[in-house]
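Note that the chains take the letters A, B and C in the order they are written out, and that residue 1 is the start of every chain.
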């Protein structure tokens, strides 16, 4: 390649947002750290307020930072190469999220394959069962823990199945929107995206319903032993990711409807959000199989 | 490390030279500035963590309890470990990557410069939280840097929440830093800089970055479970609820073992840059070095439970992890042999970076040998959790990772500052470090084999003599490091002007730009033959 | 800090001359079992292998350092790869490792085979003591550090087995296969006796197994090997191996004593102790068992261990107070002392806690009141 043809790689000048974000993150961490202790020790402190302040700062930072990026992008400062950087960065970020869920899926599999059977006397743990937990029976879902906490297992064929269908459809509508963008069918893009956001919201609403049902009628709680732990942590973190994904898609929706952003060539923001959305869908499918069905 | 260059303004209008004042450092998007920030931060943490090691060694100087209470002693061992791993060694390598990777591959900067700044600036806040937790009512984290449950859950003090959230921030920082490195290497290489032409430091960092992205989220998962076990009544690590305390160790070491390689692969990279330079000969077996690094990284996902041989795993598990662990010594051996072969029939000179590199090769290999011994499961039952292990991982981390960082710092200081450093002072630093570090860590092998457990504030009388020697070595090593600060300070202030190539045998893009390296380098990419 | 250190240098130098109670050891013990001997052999084999490799590699390196220097006019050679050599130095270590894996595997399989034991002992760690229970006999007891605090705090000279002595050692017979079932009541501990080459983690809620067959009678000392909190360094293990005949004699004596003690306890139920007696005994037992966390002044360690002075529990309902002392408090570091201490000691502790440090409730708790909670369980 001749040097003259080289498209300049945009290196932004100084930016205030990272340091603002660092302060925000500090407030969140320090606030949350104190807040959970305040809850545990049943006292009131500054923790909760600091946590909220931190969140506000981080939201402020995100708005400012993304506004800068969008402005730069719309004014044509970005090259193909920079676009590739963004795409690769987003891909690796999603990979890191996969590994985060991996830790919790690992815990689930460990409990099912190792710790629960061992407590029931499997492998080299015959004496564990005989001496320490003679009354314990190794079953999954663990509806009765070794210490005797009883709970009920969440079936897969009610709300969870409906939620699975909703998320799968939302993945299709999201793809539909993407095709619309690529073929420059703006109407299809808007409809597809709007529908995806709506489905995301319905999913979240049903998830809250499911939790309420589990807590109030089934006695399935976060404290109900390993089954409840893995159930809530996996579905809970997934729910947080769906929330985040929905917000991202909603912002893309606003950018498209109000500002008419994105073209077939310049669509990284939209694509990142849609990748993220497909990722949370895949996580849900794994969840549905390993947490609910099997 | 001032790199202000008045010529920088000649470049395109959105690029400025280095602004001045504190705002330059707070708002910077320049990879060299951020690299310097990382390096200085890591130096600061090195001394804070080191001060804690001094407290530990002072208490262990003699049998009996003299200066600190056992609980505070445990806080010192815990925070010393956390600071050295996450605050000193890792940021130092990230700093070196920030400085050198773009220059080595002919990139204008890191791929995502603003995020680069964020990765750095959240780190000081994370450690601020960790250090503040020491002053809480009830004290700071006291469960060892490995924070085994349930000592870190049901039985820990209130500082646990702060510990958990500060680790979360460290993780976010590492992940973003790693994403930046990986994307820079994939996407910003100059035309003609094919993968198999990349300098080894770049290669090792590419693989390290992959490891970081793969395992830091797992650590985040582990601390999250610790948090919910302690504060939200879950029982991941409690048999009463169907969990298992050993599961914590599996999750932790699934992160922890690759983490060990995160702290040593970039060191391999640095040594692979320095040895050829001062041997005036090309690196022996470049491609086998690359493959060895990759296989070490892959194997690192299959050996985590060798930290847990005594936890009562089933026999099959013990055997599997023993075999895989022994296997890791093969690619590691290949690296050592390659460095020796590089020196063989070279034209050697012994400047300070080379001295540290040679010390690295010998002492890291000793750490590797004790690692091989630890892999033998039946023998590990005797070594595990004794000072033999302490000796092992300090040989690979201090004389391994930290010596390589020192070697790298001396190697590239002239490029960063434009000045040669005070060689006499640097050599004094080297010799004092070399002698004291061995007085410090070598006798630990003996006390460990003789039966002294680690993480104890007081010990039986037969360990007294060696512990006194170890402590003296410790104080000497700690004090010697002040010389390093003196060398760096003098070098920033001035000194003999460095040429662009700096070292006679140095080759690579970073030696083609002037010293000090201009604020912006390779805004239009160079062409690689 | 620095000035303090200097002042120690002198006494340390003087002290070190005469403190070596045991011969200073540099290497791993060969131990007193067949297994520990094979572990020692493995250790030495791998050590010698490392030494040979080290001598060869460092030898070559230092040869180049001496002979291939620029100052001696060395000109750099041009080679930078050789597939032959590279394959060779990948293959040779590989072969060495396989050779090493065989004996290691054999020993490991032997170590993990806990079947056909003659005697089974359950070993339970808790913060910061060990508990031993003989499965085949009616005997169980706690084993605590016997080194006095005054030695630890340098008030008196340290005795020969400083930190390695306990009040009641574990006793096992020689020549017989003894199986250990290792577990924990709270955090993870690790039961380590170097002479037997046994180190097994004591995991709460799980049982790990280990075994030994001791060849020679003697006293063998070990320590907890897993960080288990504040007093991790202060929970040693002492095992006495006796000839089987002597072991049986010892066992008969001990079970007899234990039986009598139980009978004594039953008698106590109908007896009443005076406030004064209870307070004197209570102070002693409290300081031995409770003060490590709640402190001698009853103020606890804020943020870690709650204080008892003016506390809701010590001033509130007596029954609730007894219940916590006897059965512990789930999810906290508070252990169940019901099985650790005698009835009268428990009564004394509760009485003491309710009346010491200005907690003047005037409540007197008798052994019978404690017994109710034990029976309840």
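The rule is short, and it goes like this: contacts are C-beta pairs under 8 Å (C-beta built on N, C-alpha and C of every residue); 3 or more make two chains touch, one makes a residue touch a chain.
Predicted model, so just to flag it, every value in this text is computed and none were measured.
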Selected interface, B-C versus A-C, where C-beta contact pairs are more numerous: B-C
Maximum centroid distance from chain A, chain identifier (CA atoms): C
Identifier of the chain whose CA centre is least distant from the whole-structure CA centre: B
Geometric centre distance via CA averages, chain C-chain B, whole Å: 33
Distance between the centres, which are taken as Cα means, of chain C and chain A, whole angstrom: 44
Of all residues in chain B, the ones touching two or more other chains: 158, 233, 239-240, 244, 312, 315
Multi-chain contact residues (two or more partners), chain C: 112, 205-206, 209
Sequence positions of chain A contacting 2 or more other chains: 118-119, 124, 132-133, 146
Interface residues, chain B side, partner chain C - complex: 54-55, 58, 61-67, 70-71, 74, 136-139, 142-144, 148, 150-151, 154-155, 157-159, 233, 238-240, 244-246, 279-288, 310-312, 315, 318-319, 322-323, 326-327, 329-330, 333-334, 336-337, 340-350, 358, 361-362, 365-366, 369, 372-373, 376-379, 381-382, 384-386, 446, 449-451, 453-462, 464-466, 468, 475
Of chain B, residues touching chain A in the complex: 12, 14-16, 19, 23-24, 26-30, 107-109, 111-115, 117-118, 121-122, 125-126, 128-129, 132-133, 158, 161-162, 164-166, 168-169, 172, 175, 178-180, 182-183, 186-188, 191, 213-218, 220-222, 224-225, 227-228, 231-236, 239-244, 247, 250-251, 254, 312, 314-315, 520, 523-525, 527
Chain B-touching residues of chain C, taken from the complex the two chains share: 1, 4-5, 8, 12, 15-16, 19-29, 38-39, 42-43, 46-47, 50, 53-54, 57-58, 60-61, 64-65, 68-71, 74-82, 85-86, 89-90, 93-94, 97, 100-101, 104-105, 107-109, 111-112, 127, 151-154, 158, 160-164, 182, 186-188, 190, 192, 194, 197-201, 203-206, 208-209, 222-234, 301-304, 331-333
Contact footprint of chain C on chain A as seen in their complex: 118-119, 124-125, 127-128, 131-133, 146
In the complex, chain A residues that touch chain B: 1, 3, 6, 8-19, 21-23, 25-26, 28-30, 32-34, 36-37, 39-41, 65, 77, 81, 84-86, 88-89, 92-93, 95-100, 102-104, 106-107, 110-111, 114-116, 118-119, 123-124, 132-133, 142, 145-147, 149, 222-229, 233
